[in-house]
Amino acid sequence: MARGFRQKIRQKNTENSGFGSNASGRFINRDGLPNVKRKGVNVFNRLSWYHTMLNLSTFRFLSYLIIAYVLVNLLFALIYYVIGVEHLTGIDKSDPLNEFIDVFFFSSQTFTTVGYGRIAPVGFMASLVATFEAFLGLLTFAIATGLFYGRFSRPRAYLRFSDIAVVAPFQDSTALMFRLAPYKNNALTDADVILSTAIEVVEDGVAKNNFYRLDTHLSKINTLALNWTVVHKIDENSPFYGFSEEDFKNTNIEIIVQVRAFDEVFSNTVVQRSSYVSEEIVYGAKFTLMYYPDNSDLTTILDLDKINDYQKADLPVMAGDPE
Amino acid sequence: MARGFRQKIRQKNTENSGFGSNASGRFINRDGLPNVKRKGVNVFNRLSWYHTMLNLSTFRFLSYLIIAYVLVNLLFALIYYVIGVEHLTGIDKSDPLNEFIDVFFFSSQTFTTVGYGRIAPVGFMASLVATFEAFLGLLTFAIATGLFYGRFSRPRAYLRFSDIAVVAPFQDSTALMFRLAPYKNNALTDADVILSTAIEVVEDGVAKNNFYRLDTHLSKINTLALNWTVVHKIDENSPFYGFSEEDFKNTNIEIIVQVRAFDEVFSNTVVQRSSYVSEEIVYGAKFTLMYYPDNSDLTTILDLDKINDYQKADLPVMAGDPE
Amino acid sequence: MARGFRQKIRQKNTENSGFGSNASGRFINRDGLPNVKRKGVNVFNRLSWYHTMLNLSTFRFLSYLIIAYVLVNLLFALIYYVIGVEHLTGIDKSDPLNEFIDVFFFSSQTFTTVGYGRIAPVGFMASLVATFEAFLGLLTFAIATGLFYGRFSRPRAYLRFSDIAVVAPFQDSTALMFRLAPYKNNALTDADVILSTAIEVVEDGVAKNNFYRLDTHLSKINTLALNWTVVHKIDENSPFYGFSEEDFKNTNIEIIVQVRAFDEVFSNTVVQRSSYVSEEIVYGAKFTLMYYPDNSDLTTILDLDKINDYQKADLPVMAGDPE
Amino acid sequence: MARGFRQKIRQKNTENSGFGSNASGRFINRDGLPNVKRKGVNVFNRLSWYHTMLNLSTFRFLSYLIIAYVLVNLLFALIYYVIGVEHLTGIDKSDPLNEFIDVFFFSSQTFTTVGYGRIAPVGFMASLVATFEAFLGLLTFAIATGLFYGRFSRPRAYLRFSDIAVVAPFQDSTALMFRLAPYKNNALTDADVILSTAIEVVEDGVAKNNFYRLDTHLSKINTLALNWTVVHKIDENSPFYGFSEEDFKNTNIEIIVQVRAFDEVFSNTVVQRSSYVSEEIVYGAKFTLMYYPDNSDLTTILDLDKINDYQKADLPVMAGDPE
């Protein structure tokens, strides 16, 4: 394994990544979240149920709502049934199952406050429980309102990253590049990118992660309307200076990306992260254009399906190359 | 076509506009959104329905709500009708149309949870569907609540830009100016402006956009209460240095404006963009005052209808003028 | 009138206040809003109804809601009455007034979706209008929900400013001081203050406002828990250098204050402005302490009623004093 | 009592803490709020009821809602009872208690808009009050919706601080250290810490607090995924330079901590504060690791129960040590 490059790395920003130098596995998952599990405390203190509800898929979120709705009504139906169906008017008393079905529907008509009145409470206990259930129903829908709003108003960047990064020719030298593009009808401005990398080195037989900040050729962009190709020039200040294709393959590398931008609809700063590991870096390639004028020549088309398109490219021989 | 100026342009900030140097048409539409179309992925992934709902006009937004309400009730009416009107009490069974009308109104009374009870479910299936419909109704109004709030609490700058920019005399030289004013009863502070320009140049017979940052005479303002005339002095650092009236006319120029300010009611930063193309630049003109003391001399009147008012003005002969 | 000071003023930051040098009256009203009226466009475009609703007093806001509720019900009552009371069950048809009263209550029971069903629609037209009214009712309460939330979640600094500023002795020289304190149970951190002043000068017989930024002795504070005395030292860099008591009295001065802080409950930056004009500046005075340890000596008491308390104080004779 | 250190302290940032130099007791309580009481004005002006509702525990918040619900219904029940039960249909008139119970339940069915209609208003006054109660009910639930959303969408850092700070060996010298970790499933990035200290000194027999900014070895961190050990190196720039174990014990010290980070779910900056007083500083100790690879070696486990674990550690003899 080629480790000759190690002496060349000029350390910068070591340690402030927030990840331990002896942490395991990928640092940032492809969805942008850190690859860390927590234990201790207890699970209820460890979970923010609001964060959990906001991160659920729409399908699961709606499913949970419906299941909760059915369970609450079953519970209240049981309570009304125990209190006695004689405390309710309009119940079909032909057999116990029909009685239970009717109290279940009475419960749902109370919980949703639809209150047709075909079935209505007359006794004290049934009325009291119904009073409480209607109140609970409204509070529940108050909470649901907040969750729906929280879910769809949650500011998100809606950026699509290329699946791969490339090492491409750049200004008589080489550069590590990847690209990203906004894929929704949002309007992002004042975007900037922070790039860092973790490189695993073996010292005295022990694997250890070193962290480096990576300079970017242009780290800010005014309007994120087309795609943005982020360029890290591999010069003397880069920890990858002198890396051969084999070095990229044989070393555990992780490029950690954080993009910030201002969304004009949310009027809020949005952040999205991604990462590239060694297997996701293509050596000697360059991206091909993913936008072009439309036929009228009055607007520009951005083709999101082309975000991963690249072609082979010869790299210049670098002076500092140790191979 | 006068292209002599090209050699004089001192490049600054090239490329970080986020627009391609070979993109087509105007970059920023007059409504402030980038002139880019996206394709690829699929249309559902490409649209943020929340952004879409927030950007609809009030009329269209309300129309969509009403249409959705009618469609949902027609759908549920059909379901109840298929289940059978005998599962509902109080239905007018004089003829099928009256039956359908009554189940339609039963549906709306359930969906809105008004639940008069004149028509009420008795059978299992009708009760079950009604249970679900009332639940769906409440969730729908929960979502509508969020959309209404999202729409009217969306921070916006409410700035009106002058329709034209002028090239006016300024401090023994000339300057490009335009002006803007807040037109609503909001209170903006700490405003700043970022000005850049795209200039189309022809190199080797190929049209290409170059991007330049434009300096502004005062790029920050404490309180945006009156109008703000933004001034870009055309000196040696300006890409327009030496431009004649004909240069402005014959060159494809786009001035891209981004204003940021802090809104004290939203307690949020708001951003508004606009742009001026060659046809919207008036050479040799200056804006006339658009505010004046009121009769009592105790307050100042800002007349928004005068924002485009200008008068002809002679420009000084500039040393660097190539004509 | 003493105008000898004018030559001494070292101009800084002229023009970026956002107010015109020939604007009239006070710039910032004591409530922090700019003293500007707008005309032109039309009144609906010029008003943000959301900003208006958020700025209403609680009493007026609730009154408007109740009035709107009554008016809407009167309107729908009229519609039902015109359609005919025979399309509703349960109406007291003893006389036209009773009929109208009953349709009014039917309307309110529909609008709020309470829907007792004692009065219920049977005819097509009445049912259709009720369908629409229940829908409108829910949308209205959706909007009301948003307005309530917008009103009480609106980030505000809740700062109380002293009614007066003082010119006090400070470090062998003098300083202009005023103080402010948070008066609610909010927690403000990272506060900073921006101080500027408008001074009216007469040039060639024409009154004109000059604007200056004022340095503050400490412009940032970590935790805004006690009162904060903002200090502008009157040294050679101050436009007030050499001002006598008469100069402060006879010159039209306005001190414009803007305080920003981070509120930990809203997790938002909040801004509050105020201003002091000549009549609100007390020459030769210093503020007295407004906090003290409580009896247990374990906490500190901040007495908000003492915010304006000051005592007379002799000022040192300044070298640069022109009197 | 060892006070020899006092002469060595190099003052920085004195006074901008926002706390008075003669304030009493701890400055920041362990929950992060300042230890200050306010008086004056009146209690209603001094309380932000929204801040109060947001800071209540969930249990108390729900209890207050239920109590308010019962009280409102009792009040309306009383009103209906005074108006007369003959204005309501369906009342059980067997005895006055049953009458009151029935009007109470009618009130709750109106307030929640469930409106079964078994009991319904017929008279003018009862109808009018019910019209108003249903309206009030909906507004109340509108407010409750806002409060629920305000409570659970309130951005919070969810950081757990170690209960103790340690003085540990660090780079051939010593450092004051404490650590913190995110304990919920939130994702924090771009964290920074501001550290300051209050040291009580006795001058001329009067106790007085001096405030100092403390430098931190790394004051920013990219991703707050694992624990973060904040390190203040005790070198010549530290006010603790030369402090012995006894100095730490015998002096009233308070370390004030403020952590800011960006939460990606809320897309908002969150702030959390804490403080350490003399009794909470352990001299000659170092923290033990609180994270380790999981068995699969593919992820990292952060054990929150170990946040306070430390072991004894010998400190180097410092040159400037006065003991």
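Note that the chains take the letters A, B, C and D in the order they are written out, and that residue 1 is the start of every chain.
Operating definition for what follows: a contact is a pair of C-beta atoms (placed from the backbone, for glycine too) under 8 Å apart; a residue touches a chain by one contact, two chains touch by 3 or more.
Per UniProt, the chains are A, B, C, D = Inward rectifier potassium channel.
Just so it is clear, the structure is predicted and the values come from calculations on it, not from any experiment.
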| item | value |
| --- | --- |
| Chain B and chain A - chains in contact with each | C, D |
| Interface sides of chain C and chain D: same vs different residues, half threshold | different |
| Farthest chain relative to chain D (centres taken as mean CA coordinates) | B |
| Inter-centroid spacing, chain D versus chain B (mean Cα positions, whole Å) | 39 |
| Where chain B and chain C are represented by their mean Cα positions, the distance between them in whole Å | 27 |
| Residues of chain D touching at least two other chains | 109, 113-117, 145, 149, 268 |
| Chain D partner contacts - residues on chain C that touch it in the complex | 65-66, 69, 73, 92, 101, 105, 108-109, 112-118, 141, 144-145, 148-149, 152-153, 158, 160, 183-187, 189, 191, 218, 220-226, 228, 262, 264-265, 267-268, 291, 293-294, 296-307 |
| For the chain B and chain A complex, residues of the former touching the latter | 15-20, 22-28, 32-41, 45-52, 54-55, 89, 109-110, 113-117, 120-122, 124, 127-128, 130-131, 134-135, 137-139, 142-143, 145-146, 149-150, 154-156, 194, 196, 256, 258, 266, 268-271, 273 |
| Complex contacts: residues of chain B adjacent to chain D | 113, 115-117, 145 |
